[in-house]
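Both complexes shown next keep subunit A, but they swap its partner, so subunit B is in the first and subunit C is in the second.
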Partner chain A sequence: MTTATATTPSRPGFKLDSLTQRYLFLILLIVIASVGFGIANENFYSLANIGILLRSIAVPFLLSMGMTFIMLTGGIDLSVGSNVAFSGGVGVVALTATGSAPIGFAAAVAAGMAIGAINGVFIGRLRLSAFMVTLATYALARGMALVIYNADSINVSDAAFLWLGGVSWGNMPVVIPFVALVFVALSVLLYKSTFGRDVYAAGSNINTAFVLGRRPERTLVWVYVLSGALAGLSAIITVGRVSSGQPWAGLYLEFDAITAVILGGTSLFGGRGRLLGTILGVLLYGIIINGLVLTGTNPYLQSLIKGMILLGVVLLDTLVQRRNAQ
Partner chain B sequence: MTFKRTFASTLALATGLAGGALADEGKLDIVFINDGHVAPYHVAWLSGFEDAIEAYDDAFEDIEITGRWLSAEGSLEKMIQQTEVTINEKPDVMFVNAINVDAFEPLVAKAQEAGITWIAVHSPMESADYSFTLGDVANGTNQGMAMCALSGGEAYKVAVMLGQAGNPSGEARREGIMKGIASCDNVEVVAEQPADWDTVKAQSIAENWMTQYPDLDAISGVTDAYMYPSIAIATNSGKDLEFFGYDGDIPILQQMQDGPVKADILLSGTREGWNFVQMAYRIHKGETPDKVYDFFTPLVMSEENHKLALANGFPEDVQVYYVDQALDVAAKGYLEFGPDSVK
Partner chain C sequence: MPNFGRLLREKNIIFVTLALCVLFYLISPRFLSLDNMSAISRQIVPIGLIALGQYFVVVSGNIDLSMGMGSVLFAIVLGVFFGLTGGVALGIVAVIVCSLALGFFNGVLVAKLKLPAFIVTLAMLFSAQGLSGLIIPRGQQIFLMGDFFRFIGAGKFMGLYWSFLFLVALFVLAYVVYNHTRWGAYVIAIGNSEENARLAGIDVDRVKIGVFMFSALCSGLAGIVLSSRMGFVQPGLDGNGLLLDGIAAIIIGGTLILGGRGTIGGAFWGLLFIGVINNALNLLNVEDVWHQVFKGAVILAALGANWLLWQSRQVEAH
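And now, the complex of A and B:
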């Protein structure tokens, strides 16, 4: 006996996945914010202001890229802001001691990677909580920065060392093409390499990844090292921007990075998200900060507005995901 | 639509820039960029600044006076961005309380190229047009000497709560306090600890000190923000401690009349905010204040304590305000720096 089952063929339709919906929503918010701020203050569209905006998001952008990799594995890195201060200190001291900008660059990136490696080993190999470990290195790196600098700034005059963070071609900061190159490189790494697939696998289900022989513990170490390297690059840009090494550089940048990544749709639980979303998150966040300054918005209200936008986007995302699940 | 709007905005901007190249005598736009906005001193400071802007704008009909303040919330990067954006807006005068002055050197030059008067706040800058300073070392010395004079020659143990490591203003205040304390032999500094200008950190430090040093006589601080939790903890735990503050916050000044606070430095955020606007107005009118402008910051004591201190060798030439007078000028910044002061 056979049973004939009558099924209504589903009409092939155009349906966007939830991440794409999120990106379109972010683009809409960016357009609305830009138009609104442009009306409120015509200076918003000036080339000089666009240059300032782009320069100001360069460091959050790099840190957010690293944070995206980490959050894709289900982790978090609270130490990146302190790491910017620490690796900048190591770079500036190396530059001062040797007079060589390349050695200064290498020292800054290596110092950033060292903090990342500590995070990675404790989290990946020893399976400790990412929150606890990076909270510890958040304090550790800041403390080491204060010791290195003796709590005071160090002036830097080496033109090569300052070039990346300080020089502009007209209104275009040179750091922007650099950041774009980093984005392309990281995109290739995430979407076109085995390492990228391991990152998603570790975040989706670490036990399954382990059983499948993807060695997620090793992947975790490397994503934190990558985040540390990007903190080192951020330190070089920061030193160039202010012509000095600063022991208090990077304060609270970890929160900006986490905010941008969450805005961009990367899941706090790992396994879901893309770098494109993070770009949009950083851009939206940067535009809002820039626009609030330009419009002279009361700083008491600024925190409120930023919090409401973040809450609104996350709420909307949750609703969209629930609807899709149904 | 977007293109049209962008084009119109760009055109308007170009026109505005062309017009802005000529100094507008009928307008004075003042921006104050501060490192924070939540500490009681900051709240009073920013409120004094806002009130003064309004008062000056009302008092002088020939000139439109506008102003706004920004807070970097302790972040160097945020302050840099705010400063860059503000320079692009081309106000007439910028007061910048830089988190670290070295980081702002490149921006001072940019501001000056744009015709903006840069006034470095608290930490002097050689490159700035003016520096608005507090005489922190001298003030700290006065606080330390007051401690010596009021301790009465007996063995006296004090713990000193410092600012953020490396902050020039905090370091200068510490230097002054130590210098003042060194003027006598009986005062011993048993502990020093930075509290990063943070009231919450100050609370845990004060708790630790009171446990660790049961015979502690006094707590000295480089800001009144530390006094609030310290006084509360001492009161709640029944400790009979004395306090030496720095800032002239009104609630702390009020605790000098028969209270545990023995001396304070009268900065007063309200006064300072008013002084900013007065200074900007004077510059706009063509006056040239001292390149390093020292804000007038007398020591505050009760009359009884001042007499006691003088009897114990406190220098007579240190200017002291008694509490009532200090409270009056702290609450009413216009008394010293209002429109009447420049008419």
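And now, the complex of A and C:
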């Protein structure tokens, strides 16, 4: 029963279901925020700024996508931020050693997947708490990044390696179509493949999924590997953006990714949520941060506003749903 | 000795910690010197306060992510009051009031509005981080000087730091409350099944709010201790590192992250474990860059070892 409701997402009838409601609410907030920032600063709608905005949310976007898969299984991944630094370090070192950008790319993604595999095996196979395991790899990956870089940044000048994160076609950073492609691929994976149904099944009720032969223990391993691979891609983009590899790259990005996924209405307990919600969450987040940067706001005020948005959206949503239920 | 195996399984953190102590002693005899022991006892106090507050929250089936950044914020509140008045009393009162208010706010949102604790306290983490930098501009410090800070930061009684004695006293108090009072039993009951606890007539909301107020108070105390030891406050302190060390301590000490199970003694040993590792990395001149690697690997190893022991118990049970 549980898996049946999870594998066929409920359709909106006469009454909008709560997820759709949340999406409409987020869209409304995004519109309000963009109109507000547009009035406050005429540069907000310039093509250049839109390019900057979209580029700045590329990395949080990729990480949040991976986090969505994980949170749909009821897990959490605190290691993604550290993993961005670690896999970036491996990629940069491989690039310097071989001089070949493809090998650098492959090394970065493989390194990200390796951290993901550690998480996945401990969480999926040994059934240990995701919070605890990824807390350990959070320290481990950051530490290895510091070791690789020897706590110092490494400049990268290889044009091919920097292409993905650094190059723009006119006002359009190449990373945007790339991220869009990743999104399409992940949507197919989540909504059109058996794996996607396994993800929902594992998150809805892991015991039922097990009894039904859906092998949730295997699904869990793969969602963490997926998240690691996306961290590897994010690392390549991050290095490309600043033309150097940095040991403190991605610090606390996991908190941002988790926030975006929660904003998007994905349940913390698994089994419920969609990628669309995460996109809206990342967009809202990105627009507000970008708007604030453009108006030159103190970074600490941004933290405060982040907290307020998160609490405000979740609180309003809960209150609305409770009123509807009555 | 049939009981030894059981002892090893259930109290494995004690053996692991003691084994690590022996190992570090063999590498560097200075590790077990009196000076170093007392250094460890002082270093673990802020983490211990975070761990203790977090312990009740976790056992009740929740989590408080705002504790680390909360400590930084409360340290700054203390610093600002000290800077303004030059006295300590008002600052301490302000920290206690602010922390209880934050805990009350967290608790009400979690208990009355049924929001997940993870989300509420994550939002508070960001807000506390933001506020701490808005109260004092980035890069600016307030220096804390005077007898009070020297007493909290470095005062000793019969060779032991007052702050450590204070922490031990709090743990003892927590042990009594957790094991021998109704309130402790309520916390465990709620962590096991909120529904059952409610049906049993427990005022679940009230206990939950209490748990969050206690954790916030602990983070306020951690802020006081931390800033006294350093002698200054500034917004850029690593509150999240403190939070994660505290959580690691109680989980390594055998507290179930899903709630309902754990022991105060285990939490204390978990705290010693984290303290020993943090200290040994410095003492043994491990290069700074390796610290995190080592810490992550040790936590993973501890988790793996726990799993192996758990497996052997399963086999034995069959």
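The rule we apply is simple: the second predicted complex is superposed on the first by the 301 of 326 C-alpha atoms of A that agree within 3 Å, B and C clash if a C-alpha of one lies under 4 Å from a C-alpha of the other, contacts with A are read in each partner's own complex, and residues count from 1 in each chain.
We take it that a residue touches a chain if its C-beta (ideal position, glycine included) is under 8 Å from a C-beta of that chain, and two chains touch if they have at least 3 such contacts.
Predicted model only: the values in this text are computed from it and were never measured.
Using the superposition on subunit A, tell me whether subunit B and subunit C clash or fit.
clash
Of the two partner chains, subunit B (first) and subunit C (second), which one does A:A48 touch, if any: first, second, both, or neither?
In the superposed model, A:A48 contacts subunit B only, not subunit C.
Between subunit B and subunit C, whom does A:Y252 touch in the aligned arrangement: first, second, both, or neither?
both
Touching A:V59 in the superposition: subunit B (first), subunit C (second), both, neither?
Once the two structures are laid over each other on A, A:V59 reaches subunit B alone.
Kindly classify A:G38 by the partners it touches after superposition: subunit B alone (first), subunit C alone (second), both, or neither?
first
Looking at A:L140 after the superposition, I want to know if it touches subunit B, subunit C, both of them or none. Which is it: first, second, both, neither?
Second partner only, subunit C.
Have a look at where A:S153 lands relative to subunit B and subunit C in the superposition and call it first, second, both or neither.
A:S153 contacts subunit B only, not subunit C.
Check whether A:F131 is in contact with subunit B, with subunit C, with both or with neither, and answer first, second, both or neither.
Second partner only, subunit C.
Where on subunit A do subunit B and subunit C both make contact?
Shared contact residues on subunit A: 146, 150-151, 252, 299-300, 303.
Where on subunit A is subunit B touching in the complex?
31, 35, 38-39, 42-46, 48-49, 52, 55-56, 59, 146, 149-153, 155, 166, 238, 241-244, 246-253, 289-290, 293-294, 296, 299-300, 303
Along subunit B, where are the residues that touch subunit A in the complex?
Result: residues 2, 5-6, 9-10, 12-13, 16, 37, 68-71, 73-78, 80-82, 84-86, 88-89, 99-100, 102-106, 164-166 of subunit B touch subunit A.
List the residues on subunit A that touch subunit C in their complex, please.
That would be residues 118, 122, 126, 128-129, 131-133, 135-144, 146-147, 150-151, 252, 255, 258-259, 262, 268, 298-308, 310-311, 314-315, 318-319 of subunit A.
Touching subunit A in the complex: which residues of subunit C?
109, 113-116, 118-120, 122-134, 138, 235, 240, 244, 247-248, 251, 257-258, 288-297, 299-300, 303-304, 307
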